[in-house]
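For clarity, chains are labelled A, B and C in written order, and residue numbers in each chain start from 1.
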Amino acid sequence: MLLTVIFYVGITVEAMSAALAAGRRKMDWFGVVILACVTALGGGTMRDILLDHYPLTWVRNPYLLMIVGGAALFTIAIARVAHRLRWPFLLLDALGLVAFSIIGCNVAMEAGHHPIVVIFSGMLTGITGGILRDVLCNDIPLVFSSELYATVSIVTGIVYYVGLQWGLPTDLVVIIAILVGFPLRVAALVFKWEMPKFVYDKDMR
Amino acid sequence: MLLTVIFYVGITVEAMSAALAAGRRKMDWFGVVILACVTALGGGTMRDILLDHYPLTWVRNPYLLMIVGGAALFTIAIARVAHRLRWPFLLLDALGLVAFSIIGCNVAMEAGHHPIVVIFSGMLTGITGGILRDVLCNDIPLVFSSELYATVSIVTGIVYYVGLQWGLPTDLVVIIAILVGFPLRVAALVFKWEMPKFVYDKDMR
Amino acid sequence: MLLTVIFYVGITVEAMSAALAAGRRKMDWFGVVILACVTALGGGTMRDILLDHYPLTWVRNPYLLMIVGGAALFTIAIARVAHRLRWPFLLLDALGLVAFSIIGCNVAMEAGHHPIVVIFSGMLTGITGGILRDVLCNDIPLVFSSELYATVSIVTGIVYYVGLQWGLPTDLVVIIAILVGFPLRVAALVFKWEMPKFVYDKDMR
């Protein structure tokens, strides 16, 4: 359904933006594909490892690897025009973030975990791919210092969880969660909403 | 009991020092909390993943996430005076290291693993959180080049394991292991005991 | 048999080259040993975690940790002459890569996974150790930008998988896969065969 479609859009967009990040580090085509796989599928993989939820999504459905790898190679082909796609990318990535969060909450809820773990699982699914991408690119993860991203995931997860607790129909709750999370992320991008920074410059060592 | 109390003290202190590390990289409040969670709970998490010991500690007891996140945010509030707390931090961190090591050995022993794996499991629990923190902060892990830290964990583990093999009562062995490991770490800090360095400057490539 | 012997040679060589990498970063002896363990055993460990294949190799057979740690310490002792061993190292590492790939395919095949996952598992086993080494050394993974390495692993895996599908005897297929993969890697080193690079210098952010 809706969520599945957005999931596929989301991993495709994550793969494509990871490919551009790989290109900025002059990686070869293989590196581009691997970085795309790690970024697009790493969040769900980390969640499943932490929650002992096997087999992993891409082990059950290995065509995901082909889709993600294909999206990465396609990005190389269209790299010349990629900078014009900044906003479409950001919008689809925002949609993907919301979908990943909902899917992550679902996995934890089906396993009967505590609400805190449910929200955490949604957030992990949404942000870990990008963290792994930044670690492999030798950067401090962007998600720790830029516009609201993880917060969007947490808010989406809370809306989704509470909606289901209220007994609303699942499809409706999914749509509500998207209608809350997506505009929140877009607003954060447009108005550059950020969490307050913690700046500490005394060295203890 | 004693070990549980020290465990809570240990994760709190690890969370607080991770928060300061996050502040040095100007992360936002969210990044501070995540870095604290990874640092304080990452060692036990890595151990449990490697030993297939599910559910993870913080999945079973999600309030750990709140404690660690709360300690991180509290650190932001007291950042102004944090540099005066260097020695209390180091002492409590040393205590935490010893407790983590003992707990890690316990997990591996209960699963019936080989003594080498038992000691290794204790060490993993003690040092992996700090390694993950350094990777996310884009540093070479401190534990690979500074004062005796992993060694303290290994010595603690050996004392603990051998004590139990000798049939001494568990509580006594815990206390002995703490009385060996804690002063060893403190002495390493005071006297700057280090492992010999391996310096290799010929490039093979 | 043959594969087991090459496996032991492979982890020894990976441990030794990781030790030299640690020496270039002036790590202490403990860091050298840990980096060697992560590099030599990290590929198989990552594969087993992703495929839920427990207990891990080194948990079942902890002497692997001793062999790898011993090889790392031995490297410190012979560091003075290590630069003369560049080619033996590269050749044995190539042999190890091929063996790791075959072993990785076997693990996935025994669990009944899809051919894509089988090849992927072989590649993970071959390359992940080096990726973890580079992350801990604070480098962008070499395998993303240097001479054909992962490709050798993939080709080896395909030859191995197809050979078994054709019903050839396992020992023969192992030898064929080695006779394809090993010369391919050596040729890549000698003739500096590389994947095309993706260079992208427009910044989207």
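What we mean here is this: a contact is a pair of C-beta atoms (placed from the backbone, for glycine too) under 8 Å apart; a residue touches a chain by one contact, two chains touch by 3 or more.
These are the chains along with the protein names UniProt gives them: A, B, C = Membrane protein.
Quantities reported herein were computed from a predicted structural model and do not represent experimental measurements.
Trainee: Looking at where subunit A touches subunit B, is over half of the residue numbers used by both copies, so same, or under half, so different?
Mentor: different
Trainee: Tell me the angle, as a multiple of 5 degrees, of the rotation that maps subunit B onto subunit C over the C-alpha atoms.
Mentor: To map subunit B onto subunit C, rotate by about 120 degrees.
Trainee: How many angstrom between the C-alpha centroids of subunit B and subunit A?
Mentor: The answer is 29 Å.
Trainee: Please set out, as single numbers or ranges, the residues of subunit A touching at least two other chains.
Mentor: Correct list: 49, 135, 138.
Trainee: If we count contacts the way the header does, which residues on subunit A are in touch with subunit C in the complex?
Mentor: Checking each residue of subunit A against subunit C gives 17, 19-20, 22-32, 34-35, 45, 49, 54-56, 58-59, 62-63, 65-66, 76, 79, 82-83, 86, 89, 135-138.
Trainee: Would you pull the subunit C residues touching subunit A in the complex into a rising list?
Mentor: On the subunit C side, the touching residues are 49-52, 113-114, 116-117, 120, 131, 135, 138-141, 143-145, 150-151, 194-204.
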